[in-house]
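In order of appearance the chains are A, B and C, and numbering begins at 1 in each one.
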Amino acid sequence: MSDAAFDVAGRIGQPWKKPPFIQRRWLRWTLLLGALAYLIAAYMTIEVNWSRVYEGLERGKKFVLAFANPDFTTRSSDIFEGMMESIIMTVASSVVGIAISIPIALGAARNVAPLPVYLICRGIIAISRALQEIIVAILLVAIFGFGPLAGFLTLSFATIGFLSKLLAEDIESMDKVQAEAIKASGARWTQWINYGVQPQVMPRLIGLSMYRLDINFRESAILGLVGAGGIGATLNTAFDRYEYDTAAAILLIIIVIVMGLEYLSGVIRARVQ
Amino acid sequence: MLRLEKLVKTYKTGDQALKAVNLEIPEGQVLALIGPSGAGKSTLIRCINRLVEPTSGNVYLGDVELTGLSAGMLRKERRRMGMIFQEYALVERLSVMENVLSGRLGYVGFWRSFLRRFPQSDVDEAFRLLDRVGLAHMADKRADELSGGQRQRVGICRALIQNPALLLVDEPTASLDPKTSRQIMRLICELCKERGLAAIINIHDVALAQMFVQRVIGLRFGEMVYDGPPDGLTPDKLTEIYGEEDWEATIEAVDEDDLEAESAAS
Amino acid sequence: MPVQDIKGQKIWQRRAGRESLFHWALWLIGIAVFAYCWQQISKSTTWFFVWDAPRIANDIWTRATPPKWEYITQLGKPIWDTLNIATLGTLISLILAVPVAFLAARNTTPSRFIVRPIALLIIVSTRSINSLIWALLLIAIIGPGVFAGVIAIAIRSIGFCAKLLYEAIEEIDETQVEAITATGASRWQVMAYGIVPQILPAFAGIAVFRWDINIRESTVLGLVGAGGIGLQLSSSLNVLAWPQVSLILLVILAAVVISEWVSAKVRGAII
């Protein structure tokens, strides 16, 4: 059974080393030294004012303690209004974003849409994904003025890029045979989408929508920083005034709502799948 | 050498997998454990090295009682029991050599093993074992590049490099084709003989068991219903172990297999 | 029952009577909620500005083009800072996320009822809060600068990385772990030989994926004063230097596209 081609006697007494992950020696060392050089350079160029950091530890401690004793009452009306605005923006933008994403997702799936439509829809998705929420919000605030409308538009726009891309991928990977069977029955295009495609991608659409709702809420919390409405403005004020207990209260509310949304989306996803 | 006394395992679900099993294995004996699925074969050998904690009863390996050992002492005793698994259970993303050397983990310290700096004697032994099973040229291949039979041979090397006194073998041939199954069984039995190891081989293929071992234990619903030589397995006995079935064909097949095996060996 | 018997004729319906009523009610509630939300948004919007928006947009566009190309010479350091914030932040978060993930995974946690919930709480709370908010907080505590950005990115990424990693740990093949345990290996050796090799590809994938996201996030951290190219964006916006703004936006866009390309390449090479 033993393999004659391999000289075992020659290997006995020889040290064994694990074959390296990167075979080429020069490449291995170049990457290693490069990474090391980068880390040193990066570390050198970060200016850390250690005495300031040290002073900050005291404030940090105060903040951690504030979490144990958050203040919901002093600015309760500000918090309530900001939270409501965040939630309203989240719900409205999710609804509109999802409604617009569905046709765009269909257009961005190569097995459903013709090439020109496909290219246009993919272009829209690419633009929406490349631009971050906060930058879009800045521009929209400049154009539409302060207020939740800018935030609503920002989140709707971001939802389109996220949802259309993932949904289009799902449509592209769907089971061809089921869709063909519907087509074979002489259905027109809309009927074909309704009967052949929709049932297959529906669970995923619902799951993704819930996930996006969750993301939209989290994002809505920062849009206020640039004047686009929501709880972010209240939070920013709290930090500016060093009112850590109010800030802690707001953060706790955000965490609880996100946890609640995650739990809800888990339940809903389990039901539709 | 290995003695089980009133070994009981009751799972949390209430299933009694083992009901007071008594068993004694002398030095160097290879025995086969047969029985239908769910009879408790797998539980029995896992209770010996305590991958499954027995509910009550004692396990003696030599003079050492295993069920009461602390975690550290248990690890020491586990080194004396090599285990071979059904689906090979190689760490698929490690190389063949690393898989074999992982059998020495009980002997080397953490940092040495982490940095792959095993003692030279271990490396030499690993090469000798790999050569013995015909895989020395594959030492630096990744385990998931190997075929089923090759993987199981690596699994055997990993168990043997522990320098065990006892082999616990869990369905070594379940995922292999008939020819490879026999090669693996023969290899295990040969190695046990060479090294004077005792072994418990869990196996569902009765014919294969009869071909290679000196002693067969039949397990049914967690109880021993047969303990004797392989040729004592009459159709009546098999019915007792497995339930009603036409056993004549199996037993005849064994005889033919034996002839075939002998002619192949000569 | 979806088939109804009306005057001896069987009529098939998609949903039974009560179920369809429930569906209608659900739709109605949904529409009402949306209408209410829209009304609230519309109430706090100055519609005069909105009708004026096309003119303003056009105005901004003419001011912003062409971008002030020579300004790029001043962007070298901010870009370098941005890269550092993302990379160092990702590194720190990975170092912190690994133990959290091991404590959170059902099959490796030392205690299910005490340690695991704490680990899960760390994951959910760091994940729920955006890096910009972490940056605000850290600036209030340790002062503005790149360092606050690095820490903000690091904290925000812990939850994300730990969540994906602990899911990977829960999906490992237990028999490989069992096999290593059976050799008499210690707890740490079982980890190093049985578990780590199995999750290494997932770990590398997560690291690169998160790095890509962090590049995006670190470009805007400067808006709140946490260093990077966002600082330039913020100051240019404050003085309404639109040609500079458009150049910075182009640079950010390029950074995002490049980082996505790099991460896709690296992930392709790993898997």
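We adopt the following convention: contacts are C-beta pairs under 8 Å (C-beta built on N, C-alpha and C of every residue); 3 or more make two chains touch, one makes a residue touch a chain.
Protein names from UniProt, one per chain: A, C = Phosphonate transport system permease protein; B = Phosphonate transport system ATP-binding protein.
These figures come from a predicted structure and were not determined experimentally.
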Chain grouping by contact, computed as though chain C were missing: one piece
Winner on C-beta contact pairs when B-C is weighed against A-C: A-C
Between chain C and chain B, distance of the C-alpha-averaged centres to the nearest whole Å: 48
Separation of mean Cα positions, chain C and chain A [Å, integer]: 4
Multi-chain contact sites of chain B, meaning residues that touch two or more partners: 98
Touching two or more other chains - residue numbers and ranges from chain C: none
Residues on chain A engaged by chain C in the complex (per definition of touch): 38, 42-43, 45-49, 52-53, 56-57, 59-60, 63, 84-85, 88-89, 91-92, 95, 130-132, 134-135, 138-139, 142-145, 147-149, 152, 218-219, 221-222, 225-226, 229, 232, 235-236, 239, 242, 244, 247, 251, 254-255, 258-259, 262
Chain B - residues contacting chain A, complex: 95, 97-98, 116, 118, 120, 123-124, 126-128, 130-137, 139-140
Partner chain A, residues of chain C touching it in the complex: 30, 33-34, 36-38, 40-42, 44-46, 49-50, 53, 56-57, 60, 80-81, 83-84, 87-88, 124-125, 127-130, 132-133, 136-137, 139-143, 145-147, 150, 216-217, 219-220, 223-224, 233, 237, 249, 252-253, 256-257
Chain C-facing residues of chain B, complex: 49, 51, 75-79, 81-83, 85-87, 89-94, 98, 102-107, 110, 113-114, 155, 158, 162, 168
Interface residues, chain C side, partner chain B - complex: 173, 175-176, 178-186, 188-189, 192-194, 197-198, 200-201
